[in-house]
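Both complexes below contain chain A, partnered by chain B and then by chain C.
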Partner chain A sequence: MSTTVNSVATEAAGTYMLVRVAGEVDLSWSQQVRRAVLDALASGQPVAVDLSAVGYIDSSGIAALVEGLQGARARRQPFVLVAVSAPVRAVLELARLDSVFALAASADAAFAAS
Partner chain B sequence: MNMPRASLPPPARGSGSLAFLAELSQALALSLDLDTTLQQTVDRVLDFMQAEAASLFLIDENGGATMIECRICAGPIDVRGLRLAPGQGVVGRAVAENRIQIVADAASDPRVWRDVDRAAGFVTRSLVCAPLATAAGPIGALEIINRRDGQPFRGEDGELLGVIAAPAALAINNARMARRLVEQQRLRREFELARRLQRSLLPRRRRGGFPVIAVNRPAHEVSGDFYDHFELADGRIGFVAGDVSGKGMDAALLMVRAASLLRWIGKEGLAPAAWLARANEELCVGARHGRFVCALVGWCEPATMQVAFAAAGFPPVLVEQDGAVREYRAGGPPLGILAEAGFEETCVALGQGTLFAFSDGVTDVRGEDGTPLGLAGVRGLLARGRGKAPAARLRGVLAALRRHGLVDDTTLLAVAAPGAPAGNVLLERWIAADAAQLRSLRGALRDALGAIGMAEPERERLVLAVDEACANIIRHGYGGEAREGIGLRLRRDGARLVIELTDQAPCADPARLKPRPLGECRTGGFGLALIDAVVDAWRLENGPGGRGNRLVLEKHIAGATPAGQEDR
Partner chain C sequence: MNAPSPLIEVHGLQAWYGRRRILHGVDFSVVPGEIRVIMGGSGSGKSTLLRHLIGLQRPRDGSVRIFGVELGRASERELLAVRRKIGVSFQGGALLTSLSVGENVALPLREHTRLDESTIRIMSRLKLEVVNLGGFQDLMPSQLSGGMVKRAALARAIVMDPRLLFFDEPSAGLDPVVAAELDELILRLRDALRMTIVVVTHELESAFKIADTITVLDQGEILMTGTVGEVRASPNARIQDLLNRRPRAVQVDADTYLRRLTGEEA
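Coming up: the complex of A and B.
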């Protein structure tokens, strides 16, 4: 299993905001992920959440992403999950939310297409 | 720092003041033998200041009262050992006020304490005294008496002496701190050695069908408590729990003696009462006044679970059988007081029951209302863990006691027939109800499931289900307040995995736990839905008295290694 240190960082990537999440997203720090996602949305730009380095995610982490998605929809702001790791994809499928989110291989690919 | 504000020594007296000061400061700073250097300093101050006599006084706080003692003298009078109270005489005043005192005419100045002259056969005409100032206040004073030219001392003499006193104060202070540091390090090393010696005396935990389990937490570096267990050639298993009166190093040393004594006498296979009597006789020889040992010793026959024990000044033993708890107070006085003391013995057919013994560090812990827990409080703590394995129960009690705050060394010991075969339980963990604990719990669970050959997608789903259940207990059960912990037990029952999660939170209503449909875009409440989607069956059982829940998750395992082969 991944032993990555938990971290969340946001960068302005030109025309959109990129939130990179790494580690195991669980109850102990999912609030930080939620905060980062909501702060990125507050910029008004399209938001991509990179989940390639997430080895585990629980329902509180999924809830943070759902809250981001709902906020983005309300403001008609593009919101994409990119490079979703296998463990995250498995939980999204289990929660039957894999078709609810926009998923893309990379942020550039997602926003170039739109 | 509270230092006299003379930026430069006045040039009037002692020409070459700066050179003198620089030399003096360096000599003090580099000094390896402070007493010699200070004597040289006072001698040179005497010449430099052109005075008839000089003395250095230091505050001595030994023995409670603060006194100012003369440590070094130069000139015709030697008053070393003279002790003054703060405020007494010119020296006492310099220290008490942390200010330079200048006495131009000693004969008419009320500050001067004349007994010194009388005793020394010396006439003080004029004097200056400067405090040895440090950041934490003055640590003494430097005094010069009578100008050799017969003139009275003036303001600039005071300022100059103040400037000289500063590096002296600094050097003395540094030397003291260094000495204190060395002493502390020495003590710490000694305590560490004693602690390691003590830990080495405690037996290692025995796994797999061993009926005695004990835990011990010292309240300080070293412990006065101990426990022991060992096997005899005839198959009986001996157990000991002890508590030495007092704390600190001499209690620790007596603990070492008592623990070895009880072990070696115990290995002779004597009956518990005779065992204690022999140890008592030995401990009474050369016993120190006011030091004694409380102890519980006993035997367990593993084949029949017959238990015999005797106590010496030890808290009552609790025996839990079929849900009922009985107290056994039988015993005698603590060891090491009366050489001819007698001890009572108790025999119990323990069967499937559990015997609990604990040192008084357990009953003395104060509960939420500030009163000691007492026996009733300990019984309450033990009752919460009912149904768990004895080791988990002892850990649970210890964790609860630590939250209340341990004040004394604490030892808990349990004797019970080994439960279900160990191969059946794949993982047993107790965690604090804190989200930060979840990551390591998931790791342990992954390892345990991996060990029985469960493949990754299925294994990760089960890990998620358990993690969600724990998160719910932390968030909703305990409401974020980690008062008690969560117990996890992963069991294998044929092709079924059973995961039991126990907590001490207020009872949750099983009827209200309804998993909501998945696939809905919601920001909460789908933890239970995930659990429901992963496991084959789950149920929630409530504990007695409105507290405690047991969540049982069941999962069929098709592809796993057949039961009983995981250890081969």
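Coming up: the complex of A and C.
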């Protein structure tokens, strides 16, 4: 049983938007994650999604991230997954998406170079 | 630390077709994260057992609990709730021939969720990618090979990310390379998506490759449940016959034999 509360929160972090996701992302609330990602993209700023506190993600959660990436690419907006936890990485690898997303250790590291 | 509660608990399950007893009081349980193989030859009762586990057949004697719900006593609503948490990949695929591969895979999401259409599209195509059928969503089932049908059926079975997946004869009728790919995929699904997986098979090689534990079924009885090593080392003659593919001697008493031939009581 997970002790982490499911949550998604967005903050403006200087030059980019940071979406922090925590808990077990499944069908029951993945649409909230999707909305948060799409709302962050609507700001027009680069977006980082922090997945360090995600203990499980199902394909509806992955779908939210894919939709975010697709939207970001269409607008040439940087979109990075940061501090990807091992369970999330396993699902990304299963779907061969680990090479599709930009992954970084931290949002600062991701956006420092740009 | 306490052992995790079993996802599947079967006690004293008996099944009959008419007067013929197919399952003779079956007991076993499956814990979360496990890959359990139910292995047996044809006529062992494994298909009947699977039908009970997925709620297609209600137990007449004994009990089957899935996610703590006793299927024999569950209301239709409770049964539906259990079915939404399980995925089943049937032996023949059971794809709807009038729908494309993509529509088949997306069907459970359209029936059971109110997800946004873009999410449904990505989720179903993601599962086609996972089973190596990426880009095949517009084909019709009749255009697929046997191995592709099995993989499409698996994609549909896992499209809702079930915590419990039943897979009936994954490698039957497939060439060895495709069968080995499916075995690998089963292992990856358990590891990445944390699925508990029950595989029903008569293929020894596949069973030994994927199983955490094997339940050996023969003539409606469980001969043993154990690890691959334990099953291989079992001194039980019927298990060794099965492992060495020796035909089993049919033993039947004279009265039963005559009754079967004549259809009359002796």
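What we mean here is this: the second predicted complex is superposed on the first by the 112 of 114 C-alpha atoms of A that agree within 3 Å, B and C clash if a C-alpha of one lies under 4 Å from a C-alpha of the other, contacts with A are read in each partner's own complex, and residues count from 1 in each chain.
The definition used in the following text is that a contact is a pair of C-beta atoms (placed from the backbone, for glycine too) under 8 Å apart; a residue touches a chain by one contact, two chains touch by 3 or more.
Note that the coordinates shown come from a computational prediction; the quantities given were computed from them, not determined experimentally.
K.L.:
For the overlay on chain A, clash or fit between chain B and chain C?
P.N.:
When both complexes are placed onto chain A, chain B and chain C end up clashing with one another.
K.L.:
Just checking: does A:S28 make contact with chain B only, chain C only, both, or neither of them? Give me first, second, both or neither.
P.N.:
It touches chain B, and chain C stays clear.
K.L.:
Let me test your reading of the model: by the given contact rule, A:L38 touches which partner, first (chain B), second (chain C), both or neither?
P.N.:
neither
K.L.:
Using the touch definition from the top, say if A:V66 reaches chain B (first), chain C (second), both or neither.
P.N.:
both
K.L.:
Examine A:E93 and indicate which partner it touches, taking first as chain B and second as chain C; both and neither are also allowed.
P.N.:
After superposition on chain A, A:E93 lies in contact with chain C alone.
K.L.:
Tell me which partner A:A102 touches in the superposition: chain B (first), chain C (second), both or neither.
P.N.:
After superposition on chain A, A:A102 lies in contact with neither partner.
K.L.:
Based on the superposed arrangement, let me know which partner A:Y56 touches: chain B (first), chain C (second), both, or neither?
P.N.:
A:Y56: touches chain B and chain C.
K.L.:
Chain B has the stretches 95-103, 383-391 or 401-409; which one runs into chain C?
P.N.:
Once both complexes are placed on chain A, chain B clashes with chain C in 383-391.
K.L.:
Does any part of chain A touch chain B in one structure and chain C in the other, and if so which residues?
P.N.:
26-27, 56, 58-60, 62-64, 66-67, 87, 90-91, 94-96
K.L.:
Considering only the defined contacts, which chain C positions touch chain A in the complex?
P.N.:
Interface residues on chain C, with respect to chain A: 113, 115-116, 118-119, 122-123, 126-127, 129-130, 159-161, 188-189, 191-194.
K.L.:
Which of the residues in chain A come into contact with chain C in the complex?
P.N.:
26-27, 30-31, 34, 56, 58-60, 62-64, 66-67, 87, 90-91, 93-96
K.L.:
Okay, in this complex, where on chain B does chain A touch?
P.N.:
It is residues 434-436, 438-439, 442-443, 446, 457, 460-461, 463-464, 467-468, 471, 474-475, 518-519, 521-524, 526-527, 529-530, 533-534 of chain B that touch chain A.
K.L.:
Can you name the residues of chain A that touch chain B in the complex?
P.N.:
1, 24, 26-29, 56, 58-60, 62-64, 66-67, 69-70, 87, 90-91, 94-97, 100
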